[in-house]
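Multiple structures are listed underneath, in structure tokens.
Consider the two complexes below, in which subunit A is the common component and subunit B and subunit C are the respective partners.
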Partner chain A sequence: MSKLPTPAEVLGPSFHLLPQESQLLLITSVLGTSPYWLTYTLLHNFLANGENVAFVSFTNEFAYFREGGKRHGLDLQSHLKKGTLTFIDGFSKLFLPATPAQPVSSAPAPSPSPSRVGAMPPRGGPIPPRGGPIAPRAAPNAAIPTTVAAAAATNNNTPDPIKYITLGPSPSPSAFKQLDHIIKSALQGVSTTSANKPKLVVEGLEVLLAAAGVDVGTVEDLIYDLREISSTTTILLPSDSVLIHTSPTSTPLELSHANLVISLGHTADAILSLRLLDTGVAKDISGVLRVTRGAGNLAGTTAGVVEEKEMLYYESDAGVRIFARGSGGH
Partner chain B sequence: MSMAPPQANAKTVQYRRTHNLLLGTRLISQRGTPSPFTLILDSLEQSSTPLIEEYISRAKSLRVGVTYVSFTTLRPPKDVNKVIKARGKSLDALQKELITATTTTTSSAGGQQQQPDPSKVQNMIIIDSTNHLISLSSAGEAGSKTNMSLSFFLSSILAPSVTVIAAYHTDVPRISQSHTGVNAYTPDPLDLLKYLCTTLVTVYSPGHIFAQKRALDKSLPPPNFGLEEGTEGSLASLGSNTGWCETCGTNEKSRGLIYELEHRRMSGRAMSEWFFLLCHAPSKKSKERLILLEDHPAYNPTIELPTSKNEGAVEDSDLTFSLGLTAKQKSDREGVVLPYFDAQSEEGGTGGRILYVPGREDDWDDEEDEI
Partner chain C sequence: MSFRKRSVVLNTSDSSNPASTAPSGAPQSTPPTPPAKGVRPSFLTGVPTTSTGTASLDALLSGHEGLPLGSMVLIEESSTTDFAGALLRYYAAEGIVQGHNVVVVGVGEAWGRELPGLSDRKEDNEDIKKKGKEERMKIAWRYEALGNRRTTDSTPPPQMGTDTSEPVSLFCHTYDLTKRLTIPPSSKPPTYIPPPPPTSASPFSSILSALHTHLSTASSKNSITRVLIPNLLSPLFYPPASSHPTNLLQFIHTLRSLTRQYSQILTVMISFPLSLYPRTTGLTRHLEHLSDATIELHPIPTFLARFEMTKSSSTSTSADDIPQGLVKVWKAIEGKRGTGIVGSSSKGDGSGGVVGMEGGDDLAFMLTRRRMRIERFSLPVDEGDDGNDEHKAHNPSSTVGEGVGGVETGKKKMHKVDLEF
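After this line comes the complex of A and B, so read on.
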């Protein structure tokens, strides 16, 4: 069993993840630094404390996290069976038709919502889908029960613990409302079993912007609604320079992504950004973790203070260690 | 976006210490010269939250009703009378709700007096994210939302007794909705807001300003922070939202921030000044936390505060008498004409004559005493 750092080591000893305050942690990462170990750190802490967690992913299926969690000594499968963990899969069937009879479309053609049509510059065709390779991976799953998706939307007590989000081959604004509904009902489903509000982890929201043509305002509304009914919300987003640094000539997709990440940064309690070592590659350092205080930690909070810090981390088979610069990897 | 901090100017600091600091204090307390519309520009490096909390707490002590319009905030600051959730609402609905909120608070707060004093602020409206207000006003999507202009919205909620404090996040890129109905000559919404506001505030993190000042003092290029820091994947710099204090704890000191203020008077004259809102009052005597940035020792190590020259020195020593002079003693002392000045005048230059004017109490003997 490997070892993961505790949230106190990451966020500072005086900061607490309180059950009643709608806190927001923003985890940003760049290409080459996987943010999942931080997710496992939080999941481990939440689940070990007997709290209910809803985990939404738009870029990976449950098997990916099950295997990843296993490497870090986290048995997500048993928590899923117990019902303390609710996994909402927004990846496998996002662009599949809701009815099984219909054939699968060749590619997840992004169909921008009406408001976005005018925002397109003349040179841009459809937005380049970042989630391009989704279709070939998702296609084999088409045979497996797509009926669950429909069932999940109406009934929370389905035998399959995994809930699926389906927007259909050509997502429409009404489909986004359904998305909101699925996550909300899942959250409310877990919250009825416990007095505390559930924790929420959302990963891969950029897929909605990039591939499904969802308006950034709709995504923000979704997060706001979900934050109201959950205690600590953790959102994982990429923050590579090309996605964050915008100019007047930036495409609507670039602007939307930067808008989402920075807006969330303005309401977050803490921003945890992962990046590669500035000086290059080192064999015993995986990257740099920077924790900064967000505005959410300033106003009338009783949760304590987020301690700003910059640490190095090393991810290996023996787990993840975080250590100060210069204190060595051993 | 970030601007290099100003150099200390010893010549004008005395004037600004009295005039600009007074105006700055009045503006933050909304006393004397009220500013109907204050726009606060902030960023990930420094949130406007501590400044807005200061506005609220000062408004509270003057019994001003505070209405908080929340677009993104789930936990509004304490001491707010009313919270309006603006998310998902149309500009029309928001306008109606705000007008109702500000008019009802006036009648309940000023119950005794029939006619409220128009020069006194009765209601404060705080908007947590003007970015969202702008996108709401420019969204003509689906025809469901009316295309009420931002300037009309703001002027409709402003009454003589109402003051609006709006925060705007400068680093959030705006997604322009360039659809056909928009006039190409319509100004950028942020420029419009900057033009409309009577007070423009830009907040900065003290740690970042001091680092830039230290670099400038050595003629080095000032470091950049935040998105311009140049670190791949870094969203916010270290030192963001941390404040600056050598004695306070982490939570206390984050109340401090530096801000640049530009106030346009009714006459059209503008005042521009840099302030430091400290996390605690600098001396035990006053409760005022606002000082000029130049009067902060970390920013300007050469500064000599007028109070520390005589009062400060005496306070420290254990003397039983006062070493200082009163204003009258000082003017009397300056009025004394010393003999060598007199000797240089025409009639004084007659040799070693003793200049003495006998007083009433002198026992004058003509025989003995000769001049």
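After this line comes the complex of A and C, so read on.
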């Protein structure tokens, strides 16, 4: 078990300002710096304070976070069982054809193979018409509580605590409504059980933009909708310069990503950005952590102003250590 | 205490203790299944890993000393050469020799006919060992710690397998590119998934459905599967529609979810031509984000020329030691599953993945008739320098002729240093 930095270490004296009611926190990272330790720090902080957390991921499955959390002394599995954590998996089945209310058994085979294979070969050709195989659009809603994940469900009597998002192989606009609906219903399910609105953590939204072809406006709408029903929102996005710095030759892919990150940066209350050292790789430094005040955090409007700062961090087997530039890692 | 029957032997009463029997039903009574052939636990975390067929690439994987099952490696190549193809062929050949399922996507059977055969040269491995020892002798004790990482690099993991005490199974074999692999009777020939039809709106769906069928049968038999996608998006095999971000990234995203779903049997290796899709495009970056490890092979023309020269002139410098290009690790496999930690222990960082990133230790690759190696690369050192001798330094900025000369003088200098010790 390794040590995680506390939010106070990450954010300095202004940690109590973040993330507060109705605030938006943006965490950006680049290729080579993993933002997950920051996520664990936040989750740990939320869950230890007895908050409800809804975690949406589009690039990793629950087992990944479970193992990662375990290393940091964070038992996500038990929180999932208790219901304080809601995990919405937009990774495992995102582009698989929607399976109607047919519980998936513990064998890993049936879930994808009949669905994907079944959608195509019987139609007589390898070329499914765009938007064709997603006919049972209404089904997933009913299907979600009954699908049982092989890994997560230890008790067969209880429904799978993990909710899955499925867009189908060729997503259509109606599918995104579905997605909106799934996350919302999951969130509302949480908030009815307790007085507090859940804290929301969303990871991998870029997949929706890049792979599913959702336009930026729809994603932003989704975020605004979700912010309404959650207490605080944390969004993780990659911010490689390739994806952010646009030029006249940029493709729609890059433009839409830049669009999303920048517009979120302008609404966020604070931005935590992780990047590699500008001077190259060092043995005892993993990267740079920068805390930036977002446009949402105006002086006077909230309890205080987020203090901007830049620090170095080092991820090792022993945990993550944050230190000031020049103070060395030792 | 009082609930325990006095007459029963302690051991058995222990096992009939309700607390232990409840969970022990399945996991304890069944003996742990021995790992499949060609699979061994990671040196770092114990997750099962399999070999890439290239010992020095295994050593590069964040201290795992193998490719963890359930991961996807992207090999980028920024030139029109086909060094990545060699890596993929080793990976495929290793799979066939180990009796794994090998699935080749997108290219025809001709690709598979060029798999390298097993090297029968005993010296290959002894060579490496001897070299390692020599290095030890040369380096003064106080530099030994410095050289450590290097030495572990050049004595690749298969060493432990090649130790004659363990003839059972090698983790990583040595191949000879001049030979052709004869498929042993115990193994299956590779399966080929044809490239998508040229006129197709969603070109990857046929590949994915074929992969699904393969994987579901493979997982029922619990057989290790290697999926190779050589030259992804190369216009030779893939229709224009496949490079549309939605198509490609959906495919890669689904592939990634497959590696997680079949994390006990599946590894994927993709080679990707950077000359067609440079790293400055969002598409490539998304691809890199979705893969578990990204390694770029960057052949350098002057290196290549020098390599050719050395080969033809057959001077004292063996062609083995001339690099043909640089290796850059853009994204290292996570050291511990579920964390962002990329090997940071003293073993984990062995010149490999982590530090191999931008600006860190430079890595170079050399492909010879006998094998492909990835080694640390450094520029020539100045006069009066310490025992950096073993790096066989080359100056990339020098011209070809000077380069060779530089090597020679470098060697002389090295000997001088040796004498001083």
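One rule holds in what follows: the second predicted complex is superposed on the first by the 260 of 330 C-alpha atoms of A that agree within 3 Å, B and C clash if a C-alpha of one lies under 4 Å from a C-alpha of the other, contacts with A are read in each partner's own complex, and residues count from 1 in each chain.
Assume a contact is a pair of C-beta atoms (placed from the backbone, for glycine too) under 8 Å apart; a residue touches a chain by one contact, two chains touch by 3 or more.
The model shown is predicted, which means the values in this text are computed figures rather than measured ones.
Contacts of A:A295 after superposition: subunit B is touched, whereas subunit C is not reached.
Shared-chain residue A:S316: touches subunit C; no touch with subunit B.
By the touch criterion defined above, A:S170 reaches subunit C but does not reach subunit B.
Once chain A of one complex is fitted onto chain A of the other, the partner contacts of A:A186 are absent, as it touches neither subunit B nor subunit C. Judged by the touch definition given at the top, the superposed model places A:L4 against neither subunit B nor subunit C. Of the two partner chains placed by superposition, only subunit C is touched by A:A212; subunit B is not.
Contacts of A:L276 after superposition: both subunit B and subunit C are touched.
By the touch criterion defined above, A:D240 reaches both subunit B and subunit C. When the two structures are aligned on the shared chain, A:T33 is found in touch with subunit B and with subunit C. Across the two superposed structures, the residue set of subunit A contacted by subunit B and also by subunit C is 33, 240, 250, 276. By the touch rule above, subunit B contacts subunit A in their complex via residues 44, 47-50, 53, 72-78, 87-88, 129, 131, 135, 139, 141-142, 169, 171-180, 227, 231-242, 250-251, 254.
Residues 14, 21-22, 26, 28-30, 33, 114-115, 118-119, 216-217, 220-221, 224, 227-228, 239-241, 244-246, 250, 252, 255-256, 258-259, 261-263, 265-267, 271, 273-276, 278, 290, 292-301, 304-305, 307-308, 310 of subunit A touch subunit B in their complex. Those residues of subunit A lying in contact with subunit C across their complex are 31-37, 59-61, 63-72, 91-96, 107-113, 116-117, 120-121, 126-130, 169-170, 206-207, 210-213, 238, 240, 242-243, 250-251, 253-254, 257, 276, 279-283, 315-317.
For subunit C in complex with subunit A, the touching residues are 196-197, 200-202, 205-206, 208-209, 212-213, 215-216, 219-220, 245-246, 249-250, 252-254, 256-258, 260-262, 279-286, 288-290, 294, 330-332, 334-342, 344-345, 349, 354-355, 357-361.
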